[in-house]
Structures are given as structure tokens and as C-alpha cells.
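Look for chain A in each of the two complexes below; its partner is chain B in the first and chain C in the second.
Now for the complex of A and B:
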């Protein structure tokens, strides 16, 4: 017996790779992702025009940032956009995902169509919507009056432009979250539904009593992706509104771009980026913390 | 039964509260589920929201500029024309396409090689080091690439890579790694321990185990990772925008952005460029639909 056991462990050791195998990938990732995240915090204390060497300036970016109304507005806009994104996308994606989880033929065909927006880049999709929302030649010129924009200039009004960013990003990203929920809903054990049906629970009741609690983990994952995504809707803003009218859709990543790569004040832009990193990580950690622990217990409750 | 759930819209209303008398299930529940009409209606509405812009997008590409302006975006072209396609293809599009294809291929290859080796080490090594590595990648999932673009710009200029395709490839690949490692660790954990043991009995080296056992058995995960990282590279915009400049190194997404200025009010030409940029991915979608969907679904499942 003892002999067999030692032989067993020796065999195990023979075929095992050393941790060195992970080094190339890990170093590559640290160099291009982790180190820059630390570096951005350091650059926030410098003055840098993008060409020379960054010059240490202490807290001056931060005091400026503290008094800058554009930054205040950007932070507010980003948070509002993130909250509204979650409120708009989660219910729709959840319903569509649970619906698409059904194995019916018509659902499979429609799901394949619903998936299409995921294939385009944010640039491509934003260009499509910019054309549709063009006050002169777009679809909005025809249907704008019914929506309350008589001249069709939706993107020219600050609520309209903000709403457009919210809508276009939802149109683009709901398919991704639908897919997550579809996967989640398909993993729910059928026996739970059978049991509920025997107990006489109807569709609505089953949705709230079984599907929703079972999808907790998926909801957390989808929410984290949604929140981090919404904080970084840069491509869409750049193409659709250029942060305007005025600065009314200048969310944080766009403010960073404007300061950094249009005004070439990269030190200040790094300070804005640092806030973005901190907000993004805090929100995702909070979401996981607040929901993650209970999720572990409840996923297979009642099994 | 998952299907039942979505097919009884009215049951919630009709089903009486559970009283002792109603404790026995009615037999029709066991039969074929009925159609869920509210859900069907909702899905048709969503079809309109998704389909209408896509219809305009495709229809407009066959429309002349004046036809589009006069008849509006919803009109079917009176005299379908390929002029827009000719115009776009003669505006440097093919060059951007080649650049993007090159960046995409190199990115996908790099991501596959790096995530396979990391995944192999994380799954098979019994050391704390590789567990740490895995945690770094998990944390890395939350790093938004936009937030670190400034230091990446600094690093790239210091490496004298500014305005090269490599400048886009390196950070793009790095930001594809966390999801890829996650997917591959999931796939590789499913490989049967006994298979490793029998290879170890033959005295196989870690490299041979990787190439003859792990890689063949992780094919589905590897193809998912390849498709995902390729999609990510193909559609990336921020890195090309900040890290490249010259027309010879322009990628498709940046090219599209520049067409806005070049084509101005020629919306059909602009939309044609959009369609042409999506066509290659659409082909991948047709042939590798499962890998693509599995990858995207997997992101939520872990």
C-alpha cells in the first residue's frame, strides 16, 4: 500500500509543469495592464505634454480637479449614465435572455437576429445611429416631431443627446447581457420547474420564485460588466455627440480624452483616469461583496 | 421544465391559491405548454428595434446619395447601385482591412499561446505562485482599458513603437488575456486526472503532456479564446486612435471614423464602409457561431 502511494505521488510530479510556464503570460499582462494601472496614479501627480518627460508637480492636478466644474459634471454624468444603463439594460436583457433560453425554433431564429449588434464595433454601430439621428437626412427627421423634437435635432438638446447615448449603448450591449442570461437560465435545473408546476405555480410565479433567485450569479456578473462598461462608453460619445451639446454628455472617459489627447495636458487627464479606475474597481468590488456571499448559499436552494 | 415557464402567461392569474382542494396538479400542465403571447409580442417589438436600423444600414448601401436624401432612409433603393461599394473600396479600405486582419491574427495567436501556457500552469502546478498569477488575471478583469491609456501611451512612446501596428497589438492582446485565461482554466480543469497519470506513467515531459493531451482536449476552449480575442482586436478603437497616426498604419475602426470627415453628407457611402467592416465578422459568425456564443456566455457563467 505504502509503496503504491509513493509511486502515485512520484508519477504526479513527473508530468507536472513548473510555475515558470505561467511567467510569459503573467509578465506580459503585468507590463501592459497592471503596471499601467499603477503608473496612471503616479502620472496624476505630474505635468506632462505627451512629448517630453513627465514633471513632478505634487498635488496641483488634484487641487485643480477639485475646483473644476467640468470634472464635477463629468463625474455626475458618468454616475447617472451608469445607473440608468443598469436600470434600462438589466430588465430587458433578463427578460430577453430567459425568453431566449427556451428551445423553441422561433426563439432560436429570433435570438440569432438579436445577436447581430454584437458583431459590429462600437464605432460602426455609433455611425449607424448617428446617420439615423441626423436632423436633416436621418430617420429622426421623420419621426422626431412625434417624439417631441420638432426640428428632429435630438442630438442638439442636452436631454436628447444624453438619452441617445443611453439608448444606443443599450441597443449595442443588451445582446451581450441577453446571452449571459440565456446561458444562466439554461443552467437552471428543470426539476425545480417541474416541482413548481406540480405545486401549481404559474409562469409569473415561477419566474420570480425560481428563475430570478437562480440567476443571482449571472445578475452579479452582468451587472459588473454593465457598470464597468457604462463608465467607459467612450467610442459612442466621441462619435455620437462629441461630448456635447456644450459639455452635456462629457462623461469621464471623454473628459480624459479631451484633456489628454486634444489639449495635451496628460498629467491632468491621468488624474481624471485615476478617478475612473478607483470608481470602476470600487463599484465592481462592492457589487461582488454585497451580492456574492449570499449568492453562494442560494444558488441551489431547494434542491 | 424550462419551456413551461415561458409558455403560460395566464397561469399566474388563473391558478387558484394553493388550497388543499387544489393540491393535485391539473393534468394539462403535463401536456404541451401553450404559447406565451406577451413574450411573443415583446420579442416582435424587440425585433423591430434591432431590425430597423440593420435594414436601413443594408438598404442604404445600395442607394445613391440623392436617392437617400430625397426618399429618406426607410425607402428601398429605386435603382440599386454598387457605386458606394466601389467608392469605399477605392478609398483605402482594403489597406485598412489588411492592417486589421494582420493585427487580429497576431493578437489572436499571441493570446492563444500566452493563455494556454498560463492556464496549463494554473491548472497543473501545485504552487502558490501560479495561484497568485490566476488571482492577478481575475483582478485584471476589472481594469478598464480606457483608464490606463495614458500610461500605455507613455510606455509605447518610450519603447519607440508609436505609430506601428505592434503598438496596437501588444496592449490589445494584454487586455484579452484575463477572459481567455478564465475560459481556458475552466476547460482544462475538466480534463480527466487519469489521463495525466497515464501520460506521466509513460514518462512524458510537461511539454509533451501539453501538446499531446491538454491542447487536443481543450480545442473547444482554445477556439473560443481565438474567436473572442480576434473579435476584440477587430473591433478595438481606442488603442488605434491614440497609438497610431499615419494612414499606412490605419486600422478599420479608425478608418471608419475618418470616413465621417471624408464622405461628409454621403451617408450611403459611410454606411457602406460600416457594412464592409462587419462582413468579415459576419462570416466568422456564420461558421464559428458556437465558439463565439460559448465564449460570450462563458463570461457570465464563471
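Now for the complex of A and C:
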């Protein structure tokens, strides 16, 4: 009791707002995220073509899902794409961000240019890349043979199309993560570097001993965004590859779209969507837990 | 998309949930008529919005001048038309008369008894039936009953060729399958792709499959698939078609990088117009497409012919595949005066001034007396070729991806693409179709 009372007064003292302040946000979330999610969960146990009323079919969507080779492939592709996305984007964004954190004028100009893709819509960017990857008239017609894609047939090969999705999304989203790392790196106190310099540490040593540990929280934030983002990639696949060749770039969100809005098999699409929600939530929770992000331990301990 | 978690999971479920919510009434935004479908004395008409819509706008104006029951036209932007129509049917916001593609686009509405059978109306007023080319009218029906009145231009699939390329090679347009095989050799020798096909848009590859199945086994093969279900894919014509496609791919008839070529971003049409490919199997809209992007080529370089017969094939080489036209269908809920008004409204599509308006718009109408009007078309030779080809066709098979129920479209496209890509062997292709 006493403890609760003191905590209460302490909250008052630091001026934390009451729960009412969260109400608009919470209501928005309930109406536009929780409620649709519950509806989708229910829809996953029905057969519905979009006309008339959904018909309960029990577990039949789920048994079909279990045996569907396209779904297995989609889950595998989504996981591989997520892992590769993280592996490609994190080191590049981290290095670029730390570099861009410097106050030199040339860095400011170059980063401003580099952040441009962030301003375009995914659809517009994907259309631009689609033209660049046209085997007869695009850039790929000239550089394809050097990359190992004779006749510019990049989108027609499984690895090529998958690589194109990976590359275009990386090109598009590395700037965002660079921005996060730039902010994080700028927040590292100057005094740490000064002290390290006095102790005789070079640039590389300073990076590994100071910058990297200080960016821990930024890395977790950026990774969660990356991983959950990669699990829900959609626009790029829709425009660039349409899930092809065959089904070789049909990742989970695209599979959901194909079943839901091309086949109008909304019950089955809802089952795919449910899996996606469960996987994305689990992965992001795991990331946050395993990295101790929730503890919000300060990176300034001992200063 | 890199977006915060709460929004991304919303996105993941949002798509599917959107449809669920739409039925709850959020759709009212797109139908200007609001609940009730239409005002007390009005009928609501939905049309797909594109440059041709002006013909329908004019006809609504003309109709409203004389009719007591007024028509309220809603133009739905193209991309979302099918989704919107589907989610509104069965709600009070459903249109009374609506644009559709016949076949699979209305089969589920017919199953649920939502459409007016136009048979009795046609019996009462034979002009409604005789006014149109029979094969076109048939293609708008389901199980022998008629639900659609043709209301736009025809869109048969035509074998286009590049006249300049043919002239330089001293070649003649193909009249037989043997010519096709010879031409493949001729053009390959000159470093020209014999046929351009857009491998990233599998519906363009499907046109080859549709024509070949028709030429090998006749229009009955696909009719059987439609009526009897997936076991009918077992027909030998389907396997022969798959083998022929593999043979064409192996001969490099489509070039080396067709798997990456697109149609929607104008990749295939430009390649063809620039003389890098000799022939292009495509819907009749290719002419309008070329006119917009390569006007000089459309005017003098574009040639056209029919798809030839194949050796051992039993299908009539006069048969045509493609999109016969678009149709008006009437909701079964309309009764009495409103139903009569709706029938009167769709009847306007059979009249000569409507056909003239279509021709002025660059379309080729499907009315049976349009032949004499075609001189008014901007390219009379092309219009007449199309019109005669369709009028003389014993059967006009609707594109399979429109004719079959929507749920078969994605796997059909995927399997055809895999066949062209060599990811499925001919026998595996037939098995995959049977497993859809």
C-alpha cells in the first residue's frame, strides 16, 4: 500500500499523464488493428468468396494450409528474405549512419542525396526498377551479362528475381535505417571519444569499443523494424515480379493477396494472414526480449 | 515496407479485413446512390471507367431525356471495379445494371440467383437477340441462359506481325503451322525474335494455350472443362498444346529472355514495334496501344492475321479466342416498372447510333448490322478484318482467366508461366491443371 502510494505520488511529481491520454490512440488501435485482426481470425475458419455470408468450415483451411506446397515455399521464402534483408541492410546502414554522423559539409550533402529514395512511394520506386530491369530496354540489358544473367534475363531466373526484390527493398530502406544510426551516433557523448583518444585508441578501435556498444538500442530498434518490415514486404513483389517466375518470389503477404484478392478465397487468405500476424508478432517479441530492450538499461551507465 | 509494428500487423491483416468491413457498409463511399441502391424512381448503373466510358455517359443522357425512370450512372475507376462490384453484390448498395465481362465474372452471381435471365425479354423482343453477333451473345451466357447484353467493342486475340521485318526477310505472313515453323528458322537466322511474349505477365502466355487447345481439339474442349470440372483437363488436346509450347520454347521461338519481358510496362509492344521481334499474339487493343506509343508503326508497320491451324487438329481454324466484349447485366431484384426500364436501357446498346458512337471511339461494335458502319472507323481495314473474323467465327471462346471462376485464375496463370519457363513438363502441367 505504502509503496503504491509513494509510486503514485512520484508519478504525479514527474508529471506522467493519466491513462486518459492514451485513449484516442488506444481506440484507434482497437478499431483499426485489433478488431480487424479478430475478424480475420474468425474468417480463417470459414469459406467465403466475398459474396453472401461466410460458411463455417472448421479446420479445413488449416489442413489445406498444412499440405499446400505453395504455402510451405512462401514461409521459407519469407524467412530467407527476412534473414538476408537483416544481414544486408544492418552492416551497410550502420556504417553509413556512423559516417553520416560526422559534421563535415561533404557528408551532409552526400547524405541528403542518399536519403532521396526515402521520399518516393514504394510503388513508384518499384515501377522505376521494373523499367531498369527490362531485359531489352533497361539497364540490365547492358550490365546483365557481367552479373551472370545472359540477355538481361534477371527477372526470369529464380535467384535473379529474388535477388532483385532483396536489392530494391535494400536500396529503398537502407536510408531510413541510416537515418536512425546517424541520430544514434550523434547522441554518443564527445567526451567518450576524447577519453579514448587520450588512451591512444585509433578510429577502428573507437568504433568497436565506443560507437557499437553505444548504438545497442538503436540496433535493436532498427532490427525490429527491418525484420517485421521484411515479413510484410508486398508492393515491390507485386509490381516487380508478381511472385514469379512461377511461384519463386511468392512470399507470405503476396500469397495472401493472391488467395484473397485474385482468387477471392477469403477464408483461406485469412488463414495465411493469421499465420503472418502470429509469426511477425512472435519474431518481434522474441527480438525485443532476447536483446533485453524492454529493460531500457541506460547506455550511459557509469558516466 | 519498413513500418512500426502496430501498423505493419494492421497492414498484414488489413487487406483481408478490408473486405470484411466493406460488407458492413463502408462501401457507401463509392456508390453515389447510398443505401437502397437507388432513389425511389431511379435505377443505378455501374460502369468500368476508362476512355470508352464517354459512350455510356452519352447513352444515359439520351435515355433520361425520354424515360420516366431515370438512370443514375456510377463510373468506377478501372482497377478496383471487380473488387467493388463483388463486395457490393448482396448488399443494399448493389447496382441494378452493371458492366461485366460475362463468364466467370458473373458465374457466382448466377449461382446465387442474383441476375435477371434475359431469355424471356429476348423472346418478347427478338431485336434484342438478333441485334448482336450470335457467338458474342453466347459468350455472355452461362449454362445456355443469357444474362448479358453486349455494350462495348470486341477484343479478339489476333496474330500481329511487323510488316517491315517481314518485307526485309522476304517472308509472307503465316497461313499454316508449317509456315510458323519455317518463319521461326528464318527470323532466328537474322537475329530477330520470331514471337515476342511477355513472360512476366502470364495472361499473355495463356493466349497461346487458348488458341492451341482450340485448334487441336476445338472449342468443345474448354466448354467441357467449364461444365464438367477439372478432370476434363485430361483431354489429349491440352497435353498436345503443352508439348507444342515446349517445342516452341526449345526452338527459341520466343527468344532467350522472354521470361523477363513485360506487357504492362510496354516492354513487349515496344520490342515488337522496334523490329526486334517479328510477330506478337495479342488482343485487339494492341492497335490502340501502338497508336498511343508508336504512332508511326501503328499506321504503316502493323500487320495482322489469324492464328493458323495445327497438324492433326480438329478445331475449326475460324474459331476465335479473347474477350468477346463487355456486357450489361441486370439485377434479379428489379421488378415491375424498374425492370422494364432497365431492359429498355440495355436495349439502347443494340441501336445503330450506339454502334456509331463506339466506332467513333475506335472500337469495333458487336451488333450484327455494324458492317456497313465500319468505314467510319479510323482504320477501316483493321476494323473490317476484326469484325469479319468474329462474325464468321463458329465459336468465340472467352479468355480462360475470365471464363473460369476467380479462384482458378492465380493457379492457372502460375501453371502456364511455369510451363513456358520450363519449370513444369507438359505432363506435369496437365497434372497441375487437374489439381487446381
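Annotations for the structure displayed:
Here, the second predicted complex is superposed on the first by the 270 of 303 C-alpha atoms of A that agree within 3 Å, B and C clash if a C-alpha of one lies under 4 Å from a C-alpha of the other, contacts with A are read in each partner's own complex, and residues count from 1 in each chain.
In this text, a contact is a pair of C-beta atoms (placed from the backbone, for glycine too) under 8 Å apart; a residue touches a chain by one contact, two chains touch by 3 or more.
Quick caveat, the model's predicted, so the values are computed rather than measured.
Contacts of A:226 after superposition: chain C is touched, whereas chain B is not reached. Contacts of A:40 after superposition: both chain B and chain C are touched. In the superposition on chain A, A:194 makes contact with chain B only, not with chain C. In the superposition on chain A, A:235 contacts both chain B and chain C. Judged by the number of chain A residues each one touches, B leads among chain B and chain C.
Of the two partner chains placed by the overlay, chain B and chain C both lie in contact with A:29. Of the two partner chains, chain B and chain C are each touched by A:253.
Touch criterion met: A:133 reaches chain C, while chain B stays clear of it.
Chain A residues 29, 32-33, 36-37, 39-40, 43, 50, 122, 127, 130-131, 134, 137, 176, 224-225, 228, 231-232, 234-235, 253, 256, 260-261, 266, 269-270, 273-274, 276-277, 280-281, 284 lie at the interface with chain B in one structure and with chain C in the other. Within the complex, the chain B residues that touch chain A are 1-16, 18, 22-23, 25-26, 29, 36, 39, 42-43, 46-47, 49-54, 56-57, 60, 68-69, 72-74, 114-115, 117-118, 120-122, 124-127, 129-130, 133, 136-137, 140, 142-155, 170-171, 173-175, 177-178, 181, 196-197, 199-201, 203-206, 209-210, 231, 234-238, 242, 252-253, 256-257, 260, 265, 267, 270-271, 274, 277-278, 281-282, 285, 289, 293, 296-302.
Those residues of chain A whose C-beta lies close enough to touch chain B in the complex are 11-12, 14-22, 24-26, 28-37, 39-40, 43, 48, 50, 54, 92, 95-96, 98-99, 101-104, 107, 110, 112-124, 127-132, 134, 137-139, 141-142, 171, 175-176, 179-188, 190, 193-194, 197-207, 210-211, 218, 221-222, 224-225, 228, 231-232, 234-235, 239, 253, 256, 260-261, 266, 269-270, 273-274, 276-277, 280-281, 284-285.
Residue ranges of chain A in contact with chain C, taken from their complex: 29, 32-33, 36-37, 39-40, 43, 49-52, 122, 127, 130-131, 133-137, 140, 150-157, 173, 176-177, 224-226, 228-229, 231-235, 241-247, 253, 256-266, 269-270, 273-274, 276-277, 280-281, 284. The touching residues of chain C, when paired with chain A in their complex, are 1-21, 83, 86-87, 89-90, 108-109, 112, 199-202, 255-262, 265, 267, 270-271, 276, 406-411, 414, 417-418, 421, 423-424.
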